[in-house]
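Next come two complexes built around chain A: one with chain B, the other with chain C.
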Partner chain A sequence: MKKLINDPEHVVTEALAGMAEAHPGLRVDLENKVIFRRSAPSPGKVGLVSGGGSGHEPLHGGFVGYGMLDAACPGEVFTSPVPDQIIEATKGVDGGAGVLHIVKNYTGDVLNFEMAAELCAEEGVEVASVLVNDDVAVKDSLYTAGRRGTGATVFVEKIAGALAETGASLAEVAKTGEEVNARSRSFGVALSPCTVPAAGRPTFELGPSEVELGIGIHGEPGRTRAPIAPARELARVAMDAVHTDMPLSGDCLVMVNGMGGTPLAELYIVFAEVAAYLREKGATPARSLVGNYVTSLEMRGFSVTVCRLTDDLTRLWDAPVETPALRWGR
Partner chain B sequence: MKKLINDPEHVVTEALAGMAEAHPGLRVDLENKVIFRRSAPSPGKVGLVSGGGSGHEPLHGGFVGYGMLDAACPGEVFTSPVPDQIIEATKGVDGGAGVLHIVKNYTGDVLNFEMAAELCAEEGVEVASVLVNDDVAVKDSLYTAGRRGTGATVFVEKIAGALAETGASLAEVAKTGEEVNARSRSFGVALSPCTVPAAGRPTFELGPSEVELGIGIHGEPGRTRAPIAPARELARVAMDAVHTDMPLSGDCLVMVNGMGGTPLAELYIVFAEVAAYLREKGATPARSLVGNYVTSLEMRGFSVTVCRLTDDLTRLWDAPVETPALRWGR
Partner chain C sequence: MDTRFFTTWIEGIAKAVAENREHLTALDAAIGDADHGANLDRGFTAVREALAAAPPDSPGKALTLTGTTLIRKVGGASGPLYGTAFRQMGSVLGSAPDVTPSDLATALEAAVAGVRKLGGATEGDKTLLDALAPAAGALRRAVQNGTKTEDALDAALTAAREGARATIPLQARKGRASYLGERSIGHEDPGAASTVLILAALRDAAGG
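Our next item is the complex of A and B:
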């Protein structure tokens, strides 16, 4: 196994130490493994907490900052954060207006966030939660009952985060987060597997000319395997899966996301195909992200996430944001 | 070969089409293969043009925008842009104050930029150029006489770009670009090779436990091969090479750059080691970039680039920038 690490057991802590060095706007609690916005808690503002297994960077720690999350709880690689972490984060960002948990739909994540929310509630912190389950590829999977949560998490975090900055209530922020999730769908394609440092071997095998259609972000199986095909065809498979589940129309926010090991030029080629597909259906790629946002270590491949925008959601998407991985307009 | 492409011959044009879709602030001339800032030319402002082989994205097209480049000329993958492209770009960004070419030191790039500069000069466009040659790994290489130009290109483009926005003269902008290059050094380490689409096979071979120390951004050989070692040791090899050539002191701007296929968490682990090394030498990691900035397709590995800052250079680094790949403070 060739990786830029010191010790497979300390990957998460050592990466957090690097984040703390690189981003003075963050306060990283290395002992509890929580990444805080330096200014947290913000009195009167709803606090936003997300988290999940590590190995998906920049998700979630790279989205902590003004206009997005107040804290993120990274679990071990591809492993849910523990309730103690989530409690630490929740209490640490409570500015009196309550805290929103943004949770990807994996059984471990859901259970641990729920447990933390209950314990925080007992201590007087009001907690609401948004469950993200945008991946249309499969229903029920290796780590999930129901659909998996993937790329739409970035949209929910950004848009709910922008609304929270305006002083909106916990109920309003939660409702908008749910709306973003409800209007979003994703589908992923893998060209290669990835290797969890502590395991030391690839999570699955793919033949030299094979791709996995509908891959999950931990390498969970998708719908089927197929021979490698032109980007145009792979993009069409992904977009057909999205469009079948949620007919595309109007202004769309589109993310073409790398899995960690995909050259940026390839993502732009896929994005051009996705944009053409949207126009063909009468929809418009009005806003976009192209790059590595929800990764699976060094996996090669892409996922596409589409959110059907409303005027309000567009305004919130465009609002200023200042995090390590997403930054504009301030 | 598994890649997200349609046709190996059209990779660059199709990626450019995706960039044009994704970034409304750019104007992409698909026929001449030039990425322009939409507002170019800016009357009275020095125009900045860079370019080089494709496959290093986001370099250079991702750095076109306010506070950085006015245009970029992408050649075919790992191939110099042709003089016609560079002429088109140079004329297109000339706002009457002259144009600065920022050129990485590869023989083909240097020749083609020189030829374009001469032809533009004949047509009355004043052109100056900055040669970037920051890579301490080897002197003379596969495509280079002298040192190769790598990561410092990002620093030169950002800092010269910021100065140009203030209305500085061509001579001043060129002088500052040269100063940044003179104060910067880089060193790269590869964990895997990469595959040029038109070639269809890896540029070189590495054993399952081998790394290449001092790798170039096209997979050119470095100083030596060595067994994979902890990130701490690899970071030390890179930083020793830099420090031996340019003793480190004072405030430093540090980039830990992915080669395209490296997980972000690994880059943060390397960054923590690099920061510790700097402190050990009495220097400070005052500013930083951690991520994919100068890539080699899907190569795994990292490079580190250090620039010894001055107060003026720090101010210019901190100045607002708004490009696809670098954006802050506006």
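Our next item is the complex of A and C:
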């Protein structure tokens, strides 16, 4: 294992220390492992808290700031945060209008956020939650834990965050978050695995000419393995999976996301194919995001996430945002 | 079985988890996300510290403290699930200074019920329940037959081992392994494997 770390056991806290130094707009509670907006709580504003395993940076800590999250709680690498962290974050951002938990659909994340929400409610903090489950690679049935939350998390955090800035109620912010999730689908492809620092070995082996189709964001193997193919064909596999599940039409918000180790040029090659695919189906890539937003450590590969926009959602997407990883309009 | 028996058990789990950290992580890498060994090791290390900092004065309190610490320190699905299992056992045993084998069987049954309710899994879904539920059943049967404690715990351990082995051909229907669909077949469930360690430590605590 060759990594820029000091000690596998201290990866998360040492990275948090760096975030605190780099971004004066954030306040990082190193003991409880929570990243807050420096100004939190905002009186009268719904607080937004998200969290999940580390290793997906910039998700979630990189999205704390004006127009997006009020706090993020990172767990260990690929491990959900514990209830104590979530409670600390929730209380710290409660400005009296309630707190929205944005939770990716993984058994661990769901259980820990549920436990935290119950305890917060007992202490009088009103909590609602939005479950993100956009990954079409997982069959949503009684026979799985349900679809994973992946790229759409960025869309939910941005759009719900923009609405919260307008002074909307907890119920309204939660409803819009759910709407974004319901209108979004994702599919991921890996060219190489990743290595969890504490494990020291890659999570799976891929031959030099193989790819994994239908991966999540935790270095877990996907549903099938296939020979490497041109970007055009891999993009088509991903978009076919999305389009089959949610026929594409109208204005779309499209993210081509790198898994951490993918050159940006390759992501743009994929984006060109994705945009062509959308036009072929009569849809428009009206808004876009190309880069590393929801990563799996150093994995090479990409995921594509499409959200079918409405005028309201477009306006909220365009609204000002100022976080370490997303900033415009301010 | 007194408080000392239970702290010995929990110490034994911590030791077994540390020794098998790589093995559990390797099982998890095959069908999950390669963190089960590291997470449980971190959790039981914290449990050891918690027990040393505030020595419990009853078996129930020892188990409740163990469960609460796991929930607070582990994260993932295994933290809340194992945490709930130990808290349920602690709650059943209350503050009684001594525990009979029958009480222990009742406690394990409560652990099974707690895990089932929280995680929504049933036996055959390829989860830790596939080892824990048969172990609780075997302990209950052994107690009803008047088997002596060591042998009853042997029966529970054997049932857990068989249950864990039986997860190999199963397709996962809960947790992260379920994302793999048919590709989860052929691997032992890491949660079932760690449950076997827990029951092996229980058997060892009885000596003999």
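One rule holds in what follows: the second predicted complex is superposed on the first by the 325 of 330 C-alpha atoms of A that agree within 3 Å, B and C clash if a C-alpha of one lies under 4 Å from a C-alpha of the other, contacts with A are read in each partner's own complex, and residues count from 1 in each chain.
FYI, a residue touches a chain if its C-beta (ideal position, glycine included) is under 8 Å from a C-beta of that chain, and two chains touch if they have at least 3 such contacts.
Given the structure is predicted, the values throughout are model-derived calculations rather than measurements.
> Quick check for you: in the superposed arrangement, does A:F271 touch first (chain B), second (chain C), both or neither?
After superposition on chain A, A:F271 lies in contact with chain B alone.
> Of the partners chain B and chain C, which touch A:N257 in the superposed model: first, second, both, neither?
A:N257 sits against neither chain B nor chain C.
> Applying the document's definition of touch, where does A:T176 land relative to chain B and chain C: first, second, both, or neither?
In the superposition, A:T176 contacts neither chain B nor chain C.
> Tell me which partner A:V11 touches in the superposition: chain B (first), chain C (second), both or neither.
Touch status of A:V11: first partner only.
> In the overlaid three-chain picture, which partner chain does A:S303 touch, first (chain B) or second (chain C), both, or neither?
Neither partner.
> For A:L234 in the superposed arrangement: first (chain B), second (chain C), both or neither?
Only chain B is touched by A:L234; chain C is not.
> Of all the chain A residues, which ones make contact with chain B and with chain C?
none
> Spell out the residues on chain C that touch chain A in their complex, using ranges where they run on.
Touch list, chain C to chain A: 25, 29, 31-35, 38-39, 42, 71-81, 118-119, 171, 173-176, 178-181, 183.
> Show which residues of chain B lie in contact with chain A when the two form their complex.
On the chain B side, the touching residues are 2-7, 11-12, 14-19, 21-22, 54-55, 57-58, 62, 191-192, 208-209, 211, 228, 230-232, 234, 260-272, 275, 285, 288, 290, 292, 295, 297-298, 300-302, 322, 327-330.
> Show which residues of chain A lie in contact with chain C when the two form their complex.
Contact set of chain A toward chain C: 53, 75-84, 106-108, 111-112, 115, 137-139, 142-145, 148, 196, 198-199, 201, 203-204, 216, 218-221, 223.
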